[in-house]
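Note that chain A is present in both complexes that follow, paired respectively with chain B and with chain C.
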Partner chain A sequence: MQRFLAKRAVSSAVSLILLVIAVFFLSRLTGDPTDLYLPVDASAEARENFRVLHGLDQPLIWQFLDYLRDLVRLDFGDSIRRARPALEVVTEAFAWTLQLALITMAIVSGAAITLGALAAFNLGGIFDRIATFFSLIGASAPDFWVAIVAITVFSVGLGWLPTSGTGTVWHWILPVSVLFIRPFGLILQVVRGSMITALGSPYVKTARAKGAGPRAVIFVHALRNAMLPVLTVIGDQAAALLNGAVVVETIFGFPGVGKLMIDSILQRDFSVVLAAIMVTAFAIFVMNILIDLAYAALDPRIRY
Partner chain B sequence: MADPLLEIRDLSVTFDTARGPVHAVKHVSWSVGPGEVLAILGESGSGKSVSSSAVLDLIDMPPGRIDSGEILFEGRNILEMSKAERRRLNGRRIAMIFQDPLSHLNPVWTVGWQVEETMVLHGTPRAEAKAETLRLLAKVGIPDPAAAAEKYPHQFSGGQRQRLMIAMALALKPDVLIADEPTTALDVTVQAQILGLLEELQKETGMALVIITHDLGVVAEIAQRVVVMSKGEIVEAGSAAEVYRNPQHPYTRRLIAAAPGKGEIRAEAEPPAPVLSLQNVSKKYGAFTALHGISYQLGEGETLAIVGESGSGKSTTARLLLRLEEASGGRALYRGRDLFAMPPKELHAMRRDIQMVFQDPTQSLNPRMTVFQLISEGWAIHPGIVEKSRWKARVAELLREVGLSEEHMHRHPHQFSGGQRQRIAIARALALEPRIIVCDEAVSALDVQVQAQVIELLARLRASHGLSYIFIAHDLPVVRDFADRVLVMQGGRIVEQGSVQQIFEAPREAYTRALLAASLDPDPEVQARRRAARKREAGAAPPSAASAPAPSHRSAPASPAARPARCGRRNPAAAPPHPPAPPPPAHRRGRRPGTRSPAAPCRPRRGSAPRSPRSRPSATAPAASA
Partner chain C sequence: MDMRIALLCGAAVSCLGLPAFAADTDVTIVLNEELETLEPCMASQSNIGRVLLQNISETMTELDPANGELMPRLATSWEETDDATWRFHLREGVAFSDGSAFDAEDVKHSIERTLSDQLTCEIGAKYFGGMTITPTVVDAHTIDISSDPAQPILPLLMSTLTIVPAEAPMEFTRDPVGTGPYELTEYNVGQDIILARRDGYWGDAPAVTKATYVFRSDDAVRAAMVQTGEADIAPLISQTDATNKATDFAYPNSETTYLRIDSNIPPLDDIRVRQALNMAVDREAFLGTLIPEDAQIATHMTVPSTLGADEDLAVPAYDPEGAKKLLEEAKADGVPVDTEILLLGRLGNFPNVTEVMEALQAMFADAGFNVKLQMVEVAEWIKYYSKPFAAGETPALVQAMHDNNRGDPVFSMYFKYACEGLQSGICDEELDADIAAATGTPGDGRAEAWRKAFARAHDLSADVFLFHMVGFSRVSERLDFTPTIATNSELQLSQIGFK
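Now for the complex of A and B:
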C-alpha cells in the first residue's frame, strides 16, 4: 500500500516537472507583459524598471532556474496583476472550484447511479426511458448554450435566480445545474450498461435463489460489482470540473480557477497561470489516489 | 412414495429469441418426496436445468414464458403465488446450489456475510445469523470458521467454495435442495467429498435433494430415482439402478453405451522406441515450483496419458513441450535434439511435428476465420507440405477424415457444435502431418456421446497415421479406454507410471488408488461396491491415505480447537422430534484430515438427539459403520 502510494507520487512528480517546463516556456510565447501593463507611451526607463521588478530582464533560462529555485520553497512568485503571492490568488479561486466540483459530482453521482441502476433493472421501463432522454441531452446539449438559455429564462425572464456571482445558495443553482447535465448523461450510460452485466451475472441468480427481493438484488448484490467502470468515469468527469469549468465559470462570473486561468493567460500573469496549473494538477493527483483506494474498497480482489 | 413435496406437472417453458421461439422444456413432469434423491440427467441443451429454474422463479420473463403446467410445493401451485410469496419460499423452503461456485458467489462480499444473508433475508436477526453462520461453516467442513467468514470467495479453493454454497443453501434447513451440476468443474476427489457431504446433510435433515447432472456416475453415486431428459423432454424415468440396467428409450441406451471406462484395455505391447524423452524437466513461476524435475518418455505410436488434478502440473508439461512457455530446467529430446535449446529456425521447423488440441475449441479457434482458413493456415506458415493449388482439395479431405464434410469449409467456428469444433481443431492439427499430438483435456468439455465419438476419431487416426499422443486428462475412465500408458501426477511430481492395465488393475501408490476410488462409475451397483470398499479402506488405512490429494485442504490447516467450543451450543432438548434414524450415511472416511476431532462431534442441525454413533463423521471411528 505504502509502496503503491510512493510509486504513484514519484510518477506524478515526474509528470508535474515536465508540465512546469512546458507551461513555463509556452506561456512566455504569448508575449511580453510589459507591453500589456504599461501605457503605449511609457518611457524606456519605466519599461526597464518594470522588467527588472518582475525579473523579465534576465535571459529566459535564468528566469526558469530562478523560478525552480523559488518553487522548491513553495514560492510560486507574485501575481503581476494583483501584486499578491500567486499561490494565494490561486488557492482562493480553487476553493470555489473545489466546492462547485464536489457539490456537482455528489449530486451527479447519486442521481446517475440510482437512476442508472433502476433503468438497468427494468429495461424499457419508465426509468430506462428517463435515462435514455437524459443521456441524449447530456451528449448533445453544449453547456455554454444551456447556460445562456438558463440565464435568459430563469434570471432575465422569470427573475427567480441571480445571473452571476456567489453570494447566496441561489447563486449556485444555475452553475451546478448546467455543469450537472453532461457528466450525468455520461455516467448514467455507464451505470446502466455496467448494471445490465452485473444483473445478468450468476451471483445475482444465487441471490434470487436465496429469496432476495429487487431492492437487495439491485443495491446490495449488483451495484457494488457494477461500480468499478463507473468510478473511472466519475474520476474522469471530476477531473474536468477541477480543472475549472472555464466556460460555465466565465458565463456565470464564478470566481473559480478556470476563470482565473483564462484571465491570467490574457493578462500574461505567468506566475498565476503556473500556480493554477500546479494546484489543479496536484488536486487531480490526490483525486486519482482516492479513486484507486475506492477501487480497492469496493472490490476485495484489488490489492495494492 | 408418500405425497411428493415438490411436483412439476406438465411444465412447458419457451424462450422467445430473435430466431423465433425455443421450446426449452415440453410437458415435463417430475416429483420428489422428503428424504429422496432425484437426479435429472441430460446433456447440454437438454433443458435439464429449466424446470428447477422455474421452481425458484429464476427464469427471466420475458424472454422466457411458461406455456403450461403447474409446480406444486406441498400441494400448492407456486406459479399462482405472488412474487413476494415466492421469495419467501426461496432460500427458506427451497434452496439451490450451482455449478461453478466462484461465479455464483458474490465476489465483493465476505462469505460469512453471504451465508448470513440467507437467514437475514428471511427474518433472522443479524447477530443470531452471524453465530449460526460459524456453526454452518464448521458443519460443511470449512476449517477455522471464524477466520473463513471474514474472507472473500476468491480466497478459497473450488471445493471449499462449493462447501460455502452448500452452507449458504442449507442455512434455513430447506425442505428441498436443488443442486445444479454441483461437482462438474471439480477434481474427482473433491467431487467425491462434495457428493458425500450433500448425502450426509440430506440424510441428516431429511430434505429432498434434486441433482441436475450430465454425469451417469453422479447418478449412480447418489440418486435413488432418475429422470432422463433429451431435447426438452423427459424420455425416461425410474429408479437409478433400473434405468441403468434396463434402459427403455433408445436415447438412454445410447447415453449408457457411450459412458467411458467399459471398453477393452489396450493390449500391452513391447515398449516401442522412444520418440520423445523428457529428462528432469522443471518449471518455476517465481517462488512457486510447478514442476519438480520430471522425466518420462513417449514411444513411437504410443498414447501416453497424463492424469492428475488441477495444479498437478499436467498441462504445464504440455506447454513446455510446445515451447509456449520456457522450461526452467531439464531437457526434452526429440529425435536426439533438445527442444528446449533449439534455435528459433529449427524450432519453427520442428513445430509442425508436434501439434496440440486444446480443451475449449470455442476459444482456441479464431472466430473470425473460416474453417478453410483455420486448417490451411499452417501450410502458409510451413511451406512445402501442400501445394497451394491443392489446399482446397486437401482441406476437404481432412474434413472428411475427421467426420465433417467439405461444404463446412467456408463456415465459421460458431456455426458448429462443440463436438464439431473439436473435430475442426483436430483437422487443423492433422493438416501439418505431425508425429505427435498433445491433447490437453481435449474431450473434457464435451457431452459424453460426443466425447465417445471424438475418442473414436482419435483412435482411428492413431491407427491410420501412426501418431503418438500425449493425452492429458482428469477423467480416468476415458484414459482407461484409450491410452497405452498412464502417468499419474500430483503437485508437480510423477507419482506413478505404468501400463493402463497396471495402473487400473494394480495401482501401487495410495494417491493413484484414491483417484481411482473417487472416480465415478455409471453403474449404480459398481458404485455401491466402491463405496463399501472406500469405507473399508478408509477404515483400515490411516485417513491421510485417501484424502491426501484434496488440494482444498492442503493450504488451509484445520484448527480443531475452534470446534468443541461451538459444539453442543444448542440445547438438545430444544431440538424438534427427529424422524426415525436413516440408514448410516456412507462416509468417505478421512475426507477431512484433522478437521473433525473425534472428541467433539458436532450435533447435526435437526438434532437427532440420541444420535446413532454410526453416523458420527469421525475419521478415527471406523469400526462403527462396518
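Now for the complex of A and C:
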C-alpha cells in the first residue's frame, strides 16, 4: 500500500510540475496585467513603475525561475489585484467550494444509489420509469436556467428561501439543490445499469434461491458488486465540483474557487491562477487516492 | 416538558442560523462584485468608492454632482497663493476612527502615499499623472500644495484624494482608517463588509446606523434581492430588470460611448470621410431599442454637466444619402474610400454592445463604407485603444466608453485629442493649443476656453459620438434615496434617509 501511494504521489508530482510549466507560460501569452490593472489614462511612467514593482519587467525565464524558487518554499506569490498572498486568497475560496462539493456529493450519492438500485430492482415498473425520466431531465438541464428559475419561484414568488448568499442553512438549500440535479441524474443512470447487470448474475440468483429478501438482495449482495463503475462516476462528478461550480457560485454569490479562477484569468492575476490550479489539482489527487482505496475495500481482488 | 420543547425549538432555530435582528435604520447594499481591496488610494474604482468614499475615507474637497460646484469637506477653504501653489485651511476638531487627530501632516502623508511608486494607487495614476505635487505643512491646520506644471484645478483634484492618517504604512491595507462618519467593523472575505456609524464624527450624524455590503455578480439576483427585502439598494441592475417604476431609477452614469476615428490614416484622414461616418449613424434608432431610452445622444466627450459643454453643438443628422455623396466626392479626389476599415468593439463594455456594433456596421455599409467588425475582450481591446495602436496602418474605428464624473474636461481632453494623448486618434495643432490654453486657464475664463476646444474637436469630426449613457439602480421603497451621476463612483450613506 505504501509503495502504491508513493508511486501515485510521484506520478502526480510530475503531472503537477508539467501543469505549472504549461500554465505559467500559457497564461503569460495572454497579455500583460498592467493594462488591465491601471486606468486606461495612466501614464507610461506609472505603467513602468507597476511592471517593476511586480517583476513584470524581467525576462520571462527569470520570472519563471523566481516563481519556482518561491514555490519550493510553498510561496505562491501575491495576488496583484488583492495585494495579499495568492495561496491565502485561494484557500479561503477553496474552503467554500469544498463544503459545497462535500455536501452536494454526499446527498447526491445517497439519493442516486438508493433510487437507482430500487429502479433496477423494479425494472420497467412505474418507479423505474419515473426515476429514469427525471434523471434524464436532470442530467440535461442547464445549471444557470435551473438556478434562475429556482430563485424566481422559491425566493421571489413564494418567499420561502433567500435568493443567494451564505449566511444561514437556508442559504445553502437552493445552490445545493441546483448542483444536485445533474450528477444525480448521471449517477442514478449508472447505478441502475450496473445494478441490472448485478441482479441478473448467478450469485444474486443463488441468494434469492436461498430465500434472501429484497433488501438483502439489493443492499447486501448486488449493490456492493455494482459499485465499482459508480465510484468512478462519483469521482468524476466530485472532481468537476472541486474545480468550481462556476455558474452556481456566480448566481448564488458563493465565494468559491471556480469563480475566483475565472475572474483571475480575466484579470491576468497569474499568481492566483497558478495557486488555484495547484490547490484543486492537489485536492483531486487526494480524492483519487481515496477512490482507489474505496475500490480495494469494495472488491477484495483489488490489492495495491 | 413544555419548557424543554421550547428550548429545543430555540436551539434548532439557532442552529439554522436565522438572520440576526436588524435595526430599521440598518441597510444592506448589494454590489456587482466583491471588493479586491479596501485600500483608500484605490477608491476611484467604482465598488471600492461605493464603500469607502466619504463613508470611511473623506477628501479635502467634494464635488457637488447637482451643480458641478466644489464644496468644503476636510478643507474649510482654499486660495491660490501663486500660479503653482494653493493654500488649504483644514477643518479643526476632526478625528480619525482610530482616535488620532487630523492635521496637515496627515494630508502631506496621504498625498505622498497616493503618489508613491512603492504602491500602485489608482487615484495617483488616474488623476495625478504627469505632474509633480509638493505638499508643505504651514501649521497644524494649514498646508500649501504646489504643482508642476501649475494646476488651476488643484482644489478639484483634491476631491479625488482620500485622506489617511500619517501612520498609514506604505502598503495596501484591508483595515482602512478614515475621518468619515462610518468605520469598518467586519470584513468577512467573500461574504460581506459591515460599516457602523461612529461616534465622534465632526459632522452631523447620518440616519443610517449600519451598512452591510454583499456581492452578487448576477444582475437578476441583485434586482431580486431588493424585491424580496434581502437588500435595500442595488446600485447597478440591468435595463431588462428595471421594470418597477416605484423602485427602479435610471441615472446618468457619466459614461460616454463613441467611436474613436484614427484620423491620421487614409481614408480616415479626409474630413469628408469622417463627416460621412457621422452622417451614416441613425442614433435615434438605438434609443429605446438597444440603448436605454433615457440615454442622451452624445455631442461631447464628456457629459453635458461638464464645464464648458456647449449645448449648441450637435451631431450631424442621419443622412445616408448625404454620406454617400461625400464619399463619392472624396473618391473623385483620389481618397481610397474603398479601403477596408476595422470596426473594433469591446466585448461586455455595456449591455447589447455586440448588437449595437453589428447595427453600426450595417449602417456604415449602407452608406458605402467597407467595414469589418471585430469584437475583442478588454485586454486585446486596450492594445487598439492606447498608443502605440495595435491596428498599425490599418484604418480603424475603435469603440470606447469614457467616464468623466469630475466636472472638468481636463480629465478627458488631453488624453483623447492632444497629439501626444494616449488615446488620441487625431493630431491638430490648433486643437492642441486650445487644450493647453484651457488646461492652464483659471477661474471664469476656463469654461469658455474649454468650449473653444470642444468646438474645434467637433469641427474636425474627430469621433463618431454615440450616447451619454445611463445606469439603473433599484432602491427599496422604505428608503429616501435617489441615485445620481455620483452613484457610479460613490454611495454616501449619509445621503440615505428613511421614509
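The rule is simple: the second predicted complex is superposed on the first by the 303 of 304 C-alpha atoms of A that agree within 3 Å, B and C clash if a C-alpha of one lies under 4 Å from a C-alpha of the other, contacts with A are read in each partner's own complex, and residues count from 1 in each chain.
Keep this in mind: contacts are C-beta pairs under 8 Å (C-beta built on N, C-alpha and C of every residue); 3 or more make two chains touch, one makes a residue touch a chain.
Note that the structure is a prediction, hence the values are computed from the model and not measured.
Colleague: Could you classify chain B and chain C on chain A, in the superposed arrangement, as clash or fit?
Modeller: fit
Colleague: Determine, under the contact definition given at the top, whether A:81 touches first (chain B), second (chain C), both, or neither.
Modeller: Once the two structures are laid over each other on A, A:81 reaches chain C alone.
Colleague: Going by the contact rule set out at the top, does A:216 touch chain B (first), chain C (second), both, or neither?
Modeller: first
Colleague: Have a look at where A:91 lands relative to chain B and chain C in the superposition and call it first, second, both or neither.
Modeller: neither
Colleague: Now for A:201: first (chain B), second (chain C), both, or neither, which partner does it touch?
Modeller: first
Colleague: When the two structures are overlaid on chain A, which partner does A:177 contact: first (chain B), second (chain C), both, or neither?
Modeller: In the superposed model, A:177 contacts neither chain B nor chain C.
Colleague: Just chain B (first), just chain C (second), both, or neither: which does A:225 touch?
Modeller: The first partner, chain B, only.
Colleague: Contact-wise, after the overlay, does A:132 reach chain B, chain C, both or neither (first, second, both, neither)?
Modeller: A:132: touches no partner chain.
Colleague: Considering only the touch criterion stated at the top, classify A:301 as touching first (chain B), second (chain C), both, or neither.
Modeller: Only chain B; A:301 stays clear of chain C.
Colleague: Between chain B and chain C, pick out the one touching the greater number of residues of chain A.
Modeller: C
Colleague: Could you tell me how near the closest CA atoms of chain B and chain C get once both structures are overlaid on the shared chain, in Å?
Modeller: Minimum C-alpha separation, chain B to chain C: 39 Å.
Colleague: Residue overlap on chain A between the chain B contact set and the chain C contact set?
Modeller: In the superposed arrangement, which is not itself an observed complex, chain A uses no residue for both chain B and chain C.
Colleague: Given the complex with chain A, which residues does chain C contribute to the contact?
Modeller: Counting only chain C, the residues touching chain A are 15-19, 33-34, 36-37, 39, 44, 117-118, 120, 122, 124-126, 129-130, 171-172, 174, 189-191, 214-218, 220-221, 224-225, 227-228, 230, 377-380, 382-383, 385-386, 411, 415, 422-423.
Colleague: What residues of chain A sit close enough to touch chain B in their complex?
Modeller: 201-203, 205-213, 216, 221, 224-225, 298-301
Colleague: Across the complex, what residues on chain A touch chain C?
Modeller: 30-31, 35-43, 45-46, 49-50, 53, 79, 81-84, 92-93, 96, 148, 151-152, 155-156, 159, 162-170, 250-253, 255, 259, 263, 266, 268
Colleague: Along chain B, where are the residues that touch chain A in the complex?
Modeller: Per the touch definition, chain B meets chain A at residues 56-58, 84, 87-92, 95-96, 98, 100, 103-110, 117-118, 121-122, 152, 154, 165, 168-169.
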